[in-house]
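This structure is in structure tokens; I'll ask about it shortly.
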Amino acid sequence: MADVLLAAEGLTRLFGGLAANRDVSLSLARGEVHALLGPNGAGKSTCINLLSGDLPVTSGRVLLRGKDVTALPNHKRSLAGIGRSYQRTNIFAKFTAFENCRLAAQSRDPRAWRILSDAHGTVALRDRGRAALEQAGLGARADIVAATLSHGEQRQLEIAMVLATGAAVLLLDEPLAGMGSEESARMIELLKQLRPAHAILLVEHDMDAVFEVADRVTVMVEGRVLESGPPAQIRASAAVREAYLGEPV
Amino acid sequence: MLFVSFASFVSKALLVGIASTTAAQAEDKLRVGLMLPYTGTYAALGNAITNGFKLQVEGNGGKLGGRTVEFFTVDDESDPAKATENVNKLVKRDRVDVLVGTVHSGVAMAMAKVARETNTLMVVPNAGADELTGPLCAPNIFRSSFSNWQSSYAMGREVAARKHKTVVTLTWKYAAGQQSVDGFKEAFEKEGGKVVKELTLPFPNVEFQPFLTEIAALKPDAVFVFFAGAGAVKFVKDYAAAGLRTSIPLYASGFLTDGTLEAMGEAGQGLVTTLHYADGILNAQNQSFRLRYAKAYKVQPDVYAVQGFDAAQLLDIGLTAAGGDVTRRAELQKAMETAQIASPRGTFTLSRAHNPVQDIYLRKAEGKENKLVAVSIKALADPARGCKM
Amino acid sequence: MDLPTFLIQLLNAVQYGLLLFLVASGLTLIFGIMGVINLAHGAFYMVGAYMAFALTGLTGNLFYAILLGIPLAFAFGALLEWLLFAHLYKRDHLEQVLLTYGLILIFEEGRSLLFGDDVHGVDVPALFAASIRLTDTLSYPVYRLVISAVCVALAAGLFVLIRRTRLGMVIRAGSHDRDMVQALGIDIDRTYRIVFALGVALAAFAGMLAAPVSSVFPGMGNQVLIVSFVVVVIGGIGSIWGALIASLVIGLADTFGKVLVPEYAGLAVYLVMAMVLLWRPEGIFRRG
Amino acid sequence: MKFRASSVALFVAVAAVIVFPFTDSAFYTELLAKAMILAIFALSLDLLVGYTGLVSFGHAAYFGIGAYATVLLAPKYDPASLWVVLPGAVVAAGLAALIIGLFVLRTRGIYFIMVTLAFAQMVYYVFHDTAIGGGSDGIYLNFKPSAALGAFRPFDLEQARQQCWFVTAALLITWWFLARLLRSPFGRAIVGIRSNEQRMRALGFATVRYKLAAFTIAGAIAGLAGSLYAILFGFVTPELLSWHQSGNVLLMVILGGIGSFAGSVGGAFAFVAMQEVFSGWTRHWQLLMGGVIVAAVLFLPGGLAALPGRLKRAFGADRG
């Protein structure tokens, strides 16, 4: 058995009478990219929100390294090592790229509560911010205001911020959305780089990309898990083909 | 563009404001500062006092004590929070010789504090707070109006004389209301009556219905209240609508029915109150005052106009004795202390604490007037408790 | 407190609560649908009361004054929306607060210029001028009961409006997301104008209705405004039903607070609010 | 270039404020002190509105608590020690903000605005209806606090000039403190919260705690302003806590431009100047005030702080 970091057991989330997620179980292991597929409205983003704690579950459990974190709010899960990115770019637009990452690194720092020292005076945080930027391939763009970065760079920055928090589990919601082919290639490269040290959940529409990096694929339809397995199995599955792949995306 | 012109207009206005006040200081006029409410709940009172004061000054050829008067006015908005600042406008900015104000007791007390500290001559033309001629009394502070204690003390005796044994009181929970009730209670219980319950509600709350229900349940012989202005109108209407007018007689100090009878309509008719002024006082000074006032301002004067008028009379007496020189304070204050003021309310003198020693009238509301019924107490003096002068 | 007194106090509480509801319902509608925070709502109440005063003087009867006043208030609301509020939907709540705060000052001083600063009374219509005897000392004015009845009828009307009409559908959607509402195929600009005008008309109507019992006087709007805020907070923004319940709760807290703990009567209303907030931060009838 | 121009402007302004009391106009010296006190008040609110994204419509409560604490902590017949009443007022107001913050921070958006207002009203009624601070009639501070530390008397607040300078120092220290705070890790975190709270939580920040801390600090500074106000005027009434005061300080912050400390200070000065000028012109000055407010909202988004930029754009002086 691989080194499982995050496991979901029977996650269910109801909105009114509607089930956005019903009985979803999956696991993320270090060294694995686990792709989550499904048509629009299948409940992929909801699933990420349940895992990250942005939404409370109606029932089910979330286990981090075997410990039940279901009751923890999102910021505590983040501190425990679950990092996430958002489907719509979600960064601090007025800060520089570096400041975005430095702030992210600051979240784990006990000195974060100091009110009279200079934020940029803490070398360790500066270094962590820089390192995360470098790792995400944004080293040269550190002092650019985030809002003026290109779309692709903003998506990279989003991941850099998660890296700056030192998260072991990465929940990435469509990191390739809206990217050109060159930018996509760079992002996929980045994911491959991150794979050995992290457990990655990848929600993505770009099939080629998914099958290029994924070690495991789970397909959701209407809030349920339709099928889960290695890419080859999914590619071959008739049910998946019918429910999802058959449709033009 | 708009913003540029706005900015320049503010700076210009400021400069002009400063320049005009400094230029005016050169002339040798008597600088009189009127600090009264011209906006807000008591605006009507502020205007009446101003009119009364100016009527007396104009009758004197625009002079007080032989000196031409220059007025400085500040709208105090009846806002105690701005009181100290507003009075400083007159005392420190305009450097007035005399301070006249105001209606609201809290504001008047803040004024008195500044007047004491700066030794500015001050006349209170309305605010009835007992403290002003009690603990806060000072050689340079005078009052041309009344103390809260005065008018309600008289009513305490009246109610007892009418053989009422038990009374419930109701007022706003603030100094003026509390002091009125205290004055009433003092007289009423001295004459053998009993105040069975003192009800209060926060100023300026006007939802009276729960209190009327309670009064009806307590069934006292009579009810005494202190309200003024909008609250007075609503209370009287509610009291009548609750059917209490027919079962439990209502008494009050006269502010209940001054300037409010028109708004009260039918409900106000026949209300019996006590105050230091009434409609239909038959003395020469009242008749000439009313005539002149009506001619000048096209409205009938009220008790507030009288108080403003008398404030000017009082100052005129003092200043005349001092030859128009405000700095000859000893002569000035002596003359004011011993003055016989020929007021429209009837001639009055001042107590040692500088509060009018005056007749309190029993009045009855008829039409839009508070008709004189009788003199309730002649030459009633406030006890001036706490005054060390 | 004996039983009859208690029952009468209960009546007082309900009656006061219902009048509050009339003001607060307009406020919660404007909040809920348009997402506009409107401090000037109390000023509209005042405008209504002064309209009742002026129009009763002209027509000789409060009935005609109200009949004339409601369309006037509605038109006034529509005009204000067109002139000012329409520019604010995309702005911060902050700027809405400020603009409506400025409006309060303008309305107050405008009132002072037009009507002066005296207190004025408005006559109760002769038809309802009587009182009903309840105990040997206490009667209850018929007009107060009429106010309550009108409030109840109006509440019922509002519920029908919300349950049965297209406008109501928008209200129930509770959304000030213009795109979403537009997607429902609704002319958003017109809807907003109507809702705002309706809110103004409700507040003004409350002012007109209350004028004979409260009389009209400077600053009367401010007293009502803050309590209405509390009602909306307790009831849940945009919820008419919540506003009704909250109004009654506040009526009870205020009335019995005055009788039982006069020293802390002013506080009672806010303590109730604090407790509700602890229990349900978004009001009793929060949405989804 | 911009940096130098603004620091020169700041230097000139501070010099002017320090020199002004020598003009010997007691009234305008006091007015200046008042404007600076309101500037401190506005700064504290800007920390919430402009930098933390919390629109508090009940900030006058903490100003008022600071003022009341100053008077209530002072003995009746002797001057109090400044070094007792001033910190006392700051702590009292901060504590009140902490407790109220626990409630109000459960809400957001329009709710937050209304709930802060409602809680401020509650505090207003505590002072208005109960006997704690003289009820609706208010309470007096009979003597200005003494600055003596043992035998050493660094300054004397009875002297109008020295009092004005003391207030100037308080304003500068507050400004410096807040500017410093914004550059600190804590400051970066609250600015992050204003711009994107959800993201901050996802990054692991306990945002409610940060907001509560900001709310408390802002309340404490408002308490400082209230304390200075009580010392300056010697009289405190519940009206200091009324919602009009909350509205006024919000007006100062917005007029100046939210998220700009210089703007807040400028807004406070502009507010005092307008009040002074308009009320000198007409009894109906509130009409003008209301007009200015409405016009400012409609035509001056971004407040006074945004004015230089707007002018530059309008005249094209700085194109490219």
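When the chains are written out, they are named A, B, C and D in that same order, and each has its own residue count from 1.
As a convention for this text, a residue touches a chain if its C-beta (ideal position, glycine included) is under 8 Å from a C-beta of that chain, and two chains touch if they have at least 3 such contacts.
As the structure is a computational prediction, the values presented were derived from the model and not from experiment.
*Asks:* Treat each pair of touching chains as one step and give the shortest count from chain A to chain B.
*Replies:* Minimum number of steps from chain A to chain B: 2.
*Asks:* If you average the Cα atoms of each chain, whose average lands nearest the overall Cα average?
*Replies:* D
*Asks:* Contact counts by the stated rule: is the higher one at B-D or B-C?
*Replies:* By the number of C-beta pairs in contact, the winner is B-C.
*Asks:* Go ahead and note the Å separation of the Cα centroids belonging to chain B and chain C.
*Replies:* The computed centroid separation for chain B versus chain C comes out at 35 Å.
*Asks:* Based only on mean CA positions, could you tell me how far chain C sits from chain D in angstrom?
*Replies:* Distance between chain centres: 32 Å.
*Asks:* Could you please state the distance in Å, as a whole number, between where the Cα atoms of chain A are centred and where those of chain C are centred?
*Replies:* Roughly 48 Å, centre to centre.
*Asks:* Mind pulling the chain D residues that touch 2 or more other chains?
*Replies:* Only 125, 128-129, 284, 286, 292 qualify.
*Asks:* For chain C, jot down the residues that touch at least 2 other chains.
*Replies:* Residue numbers touching two or more other chains: 109, 112, 265-266.
*Asks:* If a residue has to touch 2 or more other chains to count, which residues of chain A qualify?
*Replies:* none
*Asks:* When you check every pair of chains, which ones turn out to touch?
*Replies:* A-D, B-C, B-D, C-D
*Asks:* Within their complex, state which residues of chain A touch chain D.
*Replies:* The contact residues of chain A facing chain D are 52, 54, 73-76, 78-79, 83-84, 86, 90-95, 99, 102-104, 106-109, 111-120, 122, 125, 161, 165.
*Asks:* How about chain D: which of its residues touch chain C in the complex?
*Replies:* My answer: residues 49, 55, 57, 103-104, 106-107, 109-111, 113-115, 117-119, 121-122, 125-126, 128-130, 243, 247, 250-251, 254, 258, 284, 286-287, 289-294, 296-298, 301.
*Asks:* Hey, which residues of chain B end up touching chain C in the complex?
*Replies:* Result: residues 39-44, 199-202, 204-207, 209-214, 216-217, 219, 229-230, 232-234, 237-238, 241-244, 247-248, 259-260, 262-265 of chain B touch chain C.
*Asks:* Can you list the residues on chain B that touch chain D in the complex?
*Replies:* Per the stated touch rule, the residues are 1-4, 6, 10, 13-14, 17-18, 38-39, 75, 79-81, 83-85, 88-89, 92-93, 105-106, 109-110, 113, 173-175, 202-203.
*Asks:* Enumerate the contact residues on chain D facing chain A in the complex.
*Replies:* Contact set of chain D toward chain A: 177, 180-181, 183-189, 192, 195-196, 198-207, 213, 217.
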